[in-house]
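In what comes next, subunit A is part of two complexes: it sits with subunit B in the first one and with subunit C in the second one.
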Partner chain A sequence: MDTSPHLARPQWMSLLAQAEPAELAAAMAPFAPPAHATWLRPPQTGLYMLRGRIGGTGPQFNLGEVSVTRCSVQIDGHIGHAWVRGGNTKHAELAACADAWLQASDKHPQLSAQVLEPLRQSLQARREAASRKAAASKVEFFTVVRGE
Partner chain B sequence: MYVAVKGGERAIARSLELLAEARRGDTAVPELELAQIRQQLRLGVARVMQEGSLYDEDLAALAIRQAAGDMQEAIFLLRAYRTTLPRFGYSEPLATQAMRVRRRVSGTFKDVPGGQVLGPTYDYTQRLLEFGASAASNTVEADEPLATTMPRVLDLLDAEALIERIDPGSDPEPTDLTRDPLMFPADRATRLQNLARGDEGFLLGMAYSTQRGYAESHPFAGEIRMGEVDVLICPEELGFAIEIGEITLTECQMINQFHGGNGVPPQFTRGYGLSMGEGERKAMAMALVDRSLRCDELGEPAYAPAQNQEFVLSHSDNVEASGFVQHLKLPHYVDFQAELSLLRTLAAQQRKAAGTEALA
Partner chain C sequence: MMLAAFTHPVFDSQRNFRELLQAMARPASPRTLPVLAPAPVPATPAAMAILLTLCDTSTSVWLQQADEALSQHLRFHTGCGLVQTPVEADFALITDPTTMPPLDTFALGDPRYPDRSASLIVQVEAFHANTGPRFAGPGIRDVERVRIDGLPERFWRERVALASRLPLGIDLYFVAAQNILALPRTTRQLED
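And now, the complex of A and B:
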């Protein structure tokens, strides 16, 4: 039974960006960019200014920048975009190709099962392991009661 | 008269070669790989990213290697490099309440919802040098992961209206010091951007001074949390927000006494610090200085250096400070000749006057 959740475009784009580049490359190996892919915007690295909120909840302030690589590709009439943190151009290219194909109804089920679902499970497992390790360092207080 | 002097090209070329040789050291020893710096010197990488004002572990590791571990030089390299990159836009505000926490402690409440999570910290080490190779540790995993959302400790006080509330208000566009010059008086958002880029050592000294009595401080560490936060952007091409990855952040919420004034009842007030990577000392220092710089807003007597925003904000940046202090090494031959000649004239006049007196 298929228990994988249906992902909308913002979610799959987020997942592709959050993926480990090596895992994305492995999952995308059967879906290498075809010869007829048109690179509308070749990979380019630039900056986004990160914003925080004063006190976590208040007005915004500028914390500092983060490097981001973006690119856009057209495959079979579908335009795929990618924005990924860091300077890994290969990661951005693969994410953009996946985004284009995921918009094609004939390719979507295959990519969803062979790319998105393994990446989603891997991300979830990574995060859960980190959380379990942190949880092991949670303090258990006990109170020593003084005698009468 | 201004005299231009040329020369020294050959000496400079030789100096650069000596620098490259000294940086590399004994070639029989393998060169440091960037992955080693990124992973085994991660706190140094975090500092270079924070003060270099650019979150990119690979570039920060490269800068540290090129600077031979001189953090301020590495920060300078990163700042210089960022000017070559185009600015794509601004992120959505980072949702630190949704942080995937790896460390979270409170100095104010023992039993905070979600618990106190120590995480990786040097706090409980004995500070004894460990000779020999560092053993790979076998980390234990708890049966249950942490709660997915950790409530903010300060919300507990907020529920009782005992702490100032901080809302976005009209959510104004903050000043961006990478594009606009620092003007005084600077509002809190501008001050926080400056402190975020500021030198950790300078801010630590300033924060320390507020605790030692050079400002009305009386702080408590309400909450410190460290972990991963998703970065969201909303590109025009899409019209909806997407995650582009996660970053590690350290957030510090200080609680400070406030006796009331300026029409505000007595309540606790907040100081805020946010730092890239694991940067607890920086985030705490930033929070203390953020609070001391709020003296005007809260009607507190301002007499201490850490309450003087012109003093603090003008001297916090180590790229500027290092440049101005170290420019003294550059040729000042003409300036110095002028002063030397003036002093010689004065000395001669004094000798002449002394000689005249002796004759009289």
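And now, the complex of A and C:
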């Protein structure tokens, strides 16, 4: 996932939510929320129950609660929404602003290049680092076959 | 264009809720709603403030004038379900009382669960305290007089007819500008 440079809205929302808050803030620095933005839903932090299925097919079970911050903003008629994990209100605000502007055709290319692309590369790098770390700790199990 | 709701969702709705409780406890006596909320027409800011205070994902709302912007606004800010017929509604927003459906078309509750009844939020023109019809009942020391402008004549006949159904009935919030006034089902209108 996240490999195509042209992302659909669910993908860019996911990317914005998974971004490191500091990286998102740096990338969004030139796109500060304008004064005429309407904060339809100021950042609010709450709990979501995460549910899962073993192997994707078993019965549903409650994995645990996770704190989520949501935010909605309206800029020039475009409504941007964000749900981010954790309690970082600034992250939710910036992600909502980015979502609103990415829907505006005149701003989309600029944001796509200056915000989404660096975030996508960073996410990919983090994933690769994590999987390398995991791979390095992989243990091979041998079973000594008894000759009988 | 969508509108924002309360600036401080928790505190604003708590302040309004306290005032709504007080209005129900002291029927037929006008009070002022502390916090208003931006509202798409045909809802007024005070009526919207009441809906934002009382409604959530577990309540159903019926809109007399189902406007797309208003429906979207309510769904976004409260998460409430919008229903198509008055009888399904926990709350009903009456934006034009002259053409409102008869009161007995709303849910009156079940004899075992009289609380499963509708509360109506009725946008009227104005209230005038200490004049007009007299009301008595729990929460009123002797009698309370109030005249409500903007209601059809039949409204009071329909309300009197419901009195015999107690404990079933409907509770009413009237809204005019920033003022609210409640008439719970237990408040009787006295004959002159």
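Note that the second predicted complex is superposed on the first by the 132 of 148 C-alpha atoms of A that agree within 3 Å, B and C clash if a C-alpha of one lies under 4 Å from a C-alpha of the other, contacts with A are read in each partner's own complex, and residues count from 1 in each chain.
By definition in this document, a residue touches a chain if its C-beta (ideal position, glycine included) is under 8 Å from a C-beta of that chain, and two chains touch if they have at least 3 such contacts.
Keep in mind the model is a prediction, meaning the values are calculated, not measured.
Engineer: Fit or clash for subunit B plus subunit C once both are placed on subunit A?
Structural biologist: Pair status: fit.
Engineer: Which holds for A:G55: it touches subunit B only (first), subunit C only (second), both, or neither?
Structural biologist: Touch status of A:G55: first partner only.
Engineer: For A:L40, select first, second, both or neither according to whether it touches subunit B, subunit C, the two together, or no partner.
Structural biologist: After superposing on A, A:L40 lies in contact with subunit C but is clear of subunit B.
Engineer: Under the stated touch criterion, which partner chain does A:Q18 make contact with: subunit B (first), subunit C (second), both, or neither?
Structural biologist: In the superposition, A:Q18 contacts subunit B only.
Engineer: Treating the CA centre of subunit A as the corner point, state the angle out to subunit B and subunit C, nearest 10°.
Structural biologist: 80
Engineer: Who touches more of subunit A, subunit B or subunit C?
Structural biologist: Of subunit B and subunit C, the partner in contact with more residues of subunit A is B.
Engineer: Please work out whether A:G64 is in contact with subunit B alone, subunit C alone, both, or neither, and reply first, second, both or neither.
Structural biologist: The answer is first: A:G64 touches subunit B but not subunit C.
Engineer: Is A:C97 contacted by the first partner subunit B, the second partner subunit C, both or neither?
Structural biologist: Neither subunit B nor subunit C is touched by A:C97.
Engineer: Given the touch rule stated above, what does A:Q74 touch, subunit B (first), subunit C (second), both, or neither?
Structural biologist: Touch partner of A:Q74: subunit C, not subunit B.
Engineer: Is A:R127 contacted by the first partner subunit B, the second partner subunit C, both or neither?
Structural biologist: first
Engineer: Smallest separation in Å between any Cα of subunit B and any Cα of subunit C in the superposed model?
Structural biologist: Taking the overlay as described at the top, subunit B lies 7 Å from subunit C at its nearest C-alpha.
Engineer: For subunit A, what residues appear in both contact lists, the one with subunit B and the one with subunit C?
Structural biologist: 44, 72
Engineer: In their complex, what parts of subunit A are in touch with subunit B?
Structural biologist: Interface residues on subunit A, with respect to subunit B: 9-10, 13-14, 17-18, 44-68, 70, 72, 81, 83-87, 127-139, 141.
Engineer: For subunit C, which residues are in contact with subunit A within the complex?
Structural biologist: On the subunit C side, the touching residues are 1-5, 7, 9, 76-77.
Engineer: Over in the complex, which subunit A residues touch subunit C? Could you list them?
Structural biologist: Residue positions touching the partner: 38-42, 44, 72, 74, 77, 79.
Engineer: Going by the contact rule set out above, which residues of subunit B touch subunit A in the complex?
Structural biologist: 49-50, 53-59, 82, 85-94, 96-97, 100-103, 110-111, 115-119, 139-146, 152, 154, 166-169, 171-178, 188-190, 192-193, 196-197, 227-228, 230-231, 233, 235, 237-238, 240-247, 251, 253, 270, 272, 274, 276
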